[in-house]
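Following are the structures in question.
Next, two complexes with chain A in common: one pairs it with chain B, the other with chain C.
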Partner chain A sequence: MTTTSMSSKASEGASNASSLADPRRASWWVLVVFLFPALAIYVGLTAYPAFRTFYDSFFTIEGLDATFVGLDNYRALMSDETFWISVRNTFIWSFIAPVLDVTTGLLLALALYAGVPFARFLRVAWFTPVLLSYVVVAILWTWIYNYDWGVVNLALRAIGLDALVTSWLGDPHFALAALIVTHAWKWAGFNMVVCLAAIHSLPSEVLEASELDNCGWGAKLRYVIVPMLRPTLLNLYILAFIGKMKIFDLVWIMTQGGPLWATETVSTYVYKRAFNWNTFDLGYPSAIASVWFVVVCAAVVILNRLLATRERLEY
Partner chain B sequence: MRASKLSLAAITVATLIAGAAPALAQSTQITMWSNWPDEPAKKDWVTARVKDFEAANKACSVKLSFIPKADLYTQAKSAVRTGQAPDIFYMEPDQPEFLAGGFLEPLDSYVDLAQYEDWSKPAWTAKGKVYGLPVEAYTVELYYNKDAVKKAGVDVPASFQLTQEQFTDLVKKGVAAGITPVSQGVGDRPFPGGLLLFESLLRKLGTEDYGKLLDGKLSFKDPRVVEVMTWMKALIDAGAYPKSFSTLKLGESHFYFYNTPGALTFPDPSWFTGRAFAPPEGGGMPANFSLGIMQFPAMDKGACPECKTLAVAGSFVMYSKSKNKDCAGALMKSMATVESGTKWMEQVSLQTGLKSDPAKINSPRKDYFAELNARNKGVKYFFGTPLLYYRAKCAETYTQVMNNAFPAGLLSVQEAAEKMDGACFKS
Partner chain C sequence: MANTLAERAPLPRFFSRGALALVLGIYTFYTLGPFLWLATMSVRTTAEISTDHYAFPKVFHWEQFRIAWVDSDFATYFWNSTIVVASAVAVVTLFGAAAAHALARYRFRGNRLVYGILFSSIIFPPQITLISLYQILVDYNLYNSLLGLTLVYVSLQLPLTVYLLEGFFARIPQDLFDAAKIDGYGDLEIFRRIVLPIGMPAIATTLILNFIQLWNEFLFAVVLITDPDKRTLPVGIRAFMGDHFQDIGMIATGVMISVIPVIIVYIFFSEKLIRGMTAGAIK
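Moving on to the complex of A and B:
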């Protein structure tokens, strides 16, 4: 027997041993057949559009003619006043609104956990807005904010606070806040359910120990519950943050970015530039979308690093 | 054997006939997107024209859809790029990008342009060709509630035109009587908030200088412009518009005017009829409503008190990449007739860019038409509203500033003028 034939037999044996060791291992062909549909969908509907958006941002597209303009769209963007207003507004949405969302959700969850009367009914009632579409929510809250007969102003008039009656969506000082409140109302139920599940999964021995130590509700909340919920709350915050960096539907239906661009977000501005500006040019809106894609990715990475806890909770 | 041969021949013939029958009966189907899903009279007019065409042209059939304007524009913008646009679609002259992008087919060789009113042709003319079928035309009118105005203590003069001072008085008396002076809202439209101001600017500046203002060749800081804006600001501060101005939608502002809570006046293009003449249970004007039409107020030392805006609106265009241009062209031709124009006037009670025969108009709204014609007698027309002139950033600034923030009382005259000049002034 030659050395070659020995090594060939050895490798054959190894191969057989390998296949015998893990009979679940699929061949390349099987992998390709199973992965191809998902990959094709991903490439066609996600990767290619993203790449094409980036590619288009270097062109001015008039009708069917595309002219290469290099970085001109990006340069124009840097001096675009409306873009910077929309960036400011989107950052306000993204950093402040999630605090409101998560806090409201946590408070509602605590109320249910503490056994507030009619808890079962309230749980359903508080969760219902999550099931409504943005269109319904937007129309509903446009009515609520109506100057003449909206419930907010009616309530203010009823308690004699007529001086505070305002056109909530028509005043640049209040419009953005009014939208943020609407959004918090819609998502409070979702945050509540997640927080409630997290509270129920807290180790009972830790909570019981705190009660044995005569820890009051406030102290228990501050020193035991909230610290142990920290990972859940952070995840909720980051999820809300990402959602708000792309906020569009609610703003478009309620204010279309007005009054005086007070509620303009990057998404509404991209849409306006792509479809509302009497031009077929997709180059400039593509540049905005590309820049914002990078900003969102960077912000999520930074937030994760800043908020990630290094302390491991042990219980 | 013979029987089987006969059977085979019979089957063959039957198969050939069956195969040929659909081919003989097969017609070319064209697609058409129209606006006006919520305006019954206009919808009926379009539907009737399409049915008449199909009855007279068995070789063509039409798949007709009614889509709200904003959605239609958005869909059309995507569809023309990908070659998926309908053969015929609704368009207004304020969307010039379709023409500039080469997506529209010239209609010169399909329709008889002699059937167009001469004034309507320029709205759709580019490079010597005509690209649209101008179905809907309008003038900008100042509608008013005769009873309410009288109740407020204002007498409308025989000229039906108040002076600046008299209009200010009307606003103040309306506020004192607890009636909103001007029903207007901008919750879903980019233009209505500017109607009163810009019609007043037209009367102050005259057609030539007003044209310069809209072309960006005249500053909003021109003393005459500032004078009109200052007067307008005083009306706004006096409470001319509803407090819900920013969120009130166009349809709601109609209801506000002739139903609840009621207003003295309603500046609106003469397409007013599309909503107002719907049945009252469908949000239309009550049968006993005392509708009148005024002229917009004459400005002090105004260059043209008799001026008025005229514009072409709802039109139909043909897609340049249509594969069914013969049928689409035939449908356009069948719509571009004096008879069609007459039926439009009769059914919709609104002007049209097509020629019509006034003698044959048999409308239940004869009185309304008579009053509209009386107000338009002897006027000097300026063609086009601001949004037909403004583009891109300038149009966006008009929408945010002149349509919304200034009439809502959020900006001073100087701030509004600066913002408009910043976006629109060319020198």
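Moving on to the complex of A and C:
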């Protein structure tokens, strides 16, 4: 909209001051000065490494020796059972956990919006886990799940449910669920803050109108608040989804992908193959990383299309 | 803004106040409990913890912090983290602000393309760069060096920094720049004397956000740093836990040392921090 006013201004002033012709134009060296550092960092430490990982995936790389193997790594990947288990686990996590995160976040936000006492304190308290590093969260929850003295098992014993006492991180049936709960514990506060901001920015006329119509809370939630929050909730779902496709730290510290690959994610598997197992080959993990890169990008595009938020995907 | 409405809004009818208070109380305990438990353990000795994991400390063993700091090398990890994070945050803010300014202010061919390129890497899974960064840092003798890790951290936070600052800088009125030009300011002066001061609130937000995220970063640090003297706090804590997993008291103290700076930042800058973290998600 400013374009037209600016160009007319530019044509008026063109005769007397050519340097002011278009204030939004910059000489190329100004652009270079401002953009070069960021672009250099991007090219050197993001674009080039990403390209190189892709390129490496066609080689077997042991130390300084690189042997071209064509598509062998990709072929091996297709029949690598551990890889498929890790894909399955990551997808389970990516599709289920965001529902948990976003729902909890929305409920907490609604509680704050409804005007519970001590709202300020509660908002701060509920957000705190977001700030803790995965290392801290992982260590804390490893203790919480401890078989002998972890609070989960202590509580179960206290209420007489000794039969349910189990080694949460050591049992292949429960380990992934245990990690998902921990992850939700960390992220619920984030979703709460976003939902709260979104609720507060809803047009107040609509909410007031629904109150005048004697609309109960249940109905108001179902017919007014949730539909109007739809874009925000979908955005949060996509954000959480992307986050889970990358999950590494928590898994690595709590279970290292075990027991029996029950919590193996693609990230931990890449890490294991590249740096942890003494296979001394960087080509194969590069192939996994390349495949996963394509999967994540495709998932983001597809989700954006499917959910048709018509909004820019952000952060 | 909508606070008056929020205060008037009645509580849900399907919840009695008592039940609601109970649920919220339990949830609050669920979020804060583990953290408070950690705090009590950090001032108890491992022997005390083994007898009762959930007792309130009878004697506050503050010397646990001295032992962690001096004998268990947490001081080394703490300073390594401080150096790496402080330099990375300073550099990424400067580079990011410069790029964001150019993208927000100037019209040139490929503006949106450059923006898109810088921004798109935000969705990259870290593995796509991790393995090669390891090779590249080895090639340039930057593996196991704090300088190498700092550079990687700059690249990790660059997309978010550019994204947040570009959005803010674009809202600075063009009139200010026109006036400055008429007053004879050059492009660099405009950046230094107008954009940076006016953009301070947004810059402060990115500073705090980048600090927290890098202070907590684990994956790249664990791959790019193996030398015990160069470990950052998350890697150091993890390594300590691997070697002394029975020494719960000392692990708790070490974890507490890593959490304290984050809590201090949160106490003073909670609004800015939350705004930065959620900036992308709020529409």
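To be clear about the criterion, the second predicted complex is superposed on the first by the 285 of 315 C-alpha atoms of A that agree within 3 Å, B and C clash if a C-alpha of one lies under 4 Å from a C-alpha of the other, contacts with A are read in each partner's own complex, and residues count from 1 in each chain.
Note that a contact is a pair of C-beta atoms (placed from the backbone, for glycine too) under 8 Å apart; a residue touches a chain by one contact, two chains touch by 3 or more.
Please read these numbers as outputs of a predicted model, since none were measured by experiment.
When the two structures are aligned on the shared chain, A:169 is found in touch with chain B, with no touch to chain C.
By the touch criterion defined above, A:68 reaches neither chain B nor chain C. Which of chain B and chain C touches more residues of chain A is settled by the count: it is C. With both structures placed on the common chain, the touch criterion links A:216 to chain C but leaves chain B unconnected. In the overlay built on the shared chain, the residue A:116 is in contact with chain C alone; chain B does not reach it. Of the two partner chains placed by the overlay, only chain C lies in contact with A:34; chain B stays clear of it. Once the two complexes are laid over each other on the shared chain, residue contacts for A:208 go to chain C alone; chain B is not touched.
Shared-chain residue A:42: touches chain C; no touch with chain B. In the superposition on chain A, A:190 contacts chain C only, with no contact to chain B.
Once the two complexes are overlaid on chain A, the chain A residues touched by chain B in the first and by chain C in the second are 275. Touching chain A in their complex are the following residues of chain C: 1-3, 5-14, 20-21, 24, 27-28, 30-35, 37-38, 53-54, 94-96, 98-99, 101-103, 105-108, 114, 117-118, 121-136, 151-152, 154-155, 158, 160, 162-163, 174, 177-178, 181-182, 187-188, 191, 212, 215-219, 223, 234, 237-238, 241, 248, 251, 255, 258-259, 262-263, 266, 270, 273-274, 277-283. Contact residues of chain A toward chain C in the complex are 2, 6, 19-20, 22-26, 30-31, 33-35, 37-39, 41-42, 44-46, 48-50, 52-54, 56, 108, 110-111, 113-116, 122, 124-136, 139-141, 143-144, 149, 151, 154, 185, 188-190, 193-194, 197-198, 200-202, 204, 207-208, 211, 216-218, 231-232, 235-236, 239, 242, 245-246, 248-249, 253, 266-267, 270-271, 274-275, 282, 285-286, 288-290, 292-293, 296-297, 300, 311, 313-315. Per the touch definition, chain B reaches chain A in the complex via residues 73-74, 77, 81, 94-97, 100-103, 187, 242-247, 261, 391-393, 395-396, 399-401, 404-405, 408, 410-411.
For chain A in complex with chain B, the touching residues are 62-64, 82, 142, 145-148, 167, 169-172, 257-261, 272, 275-280.
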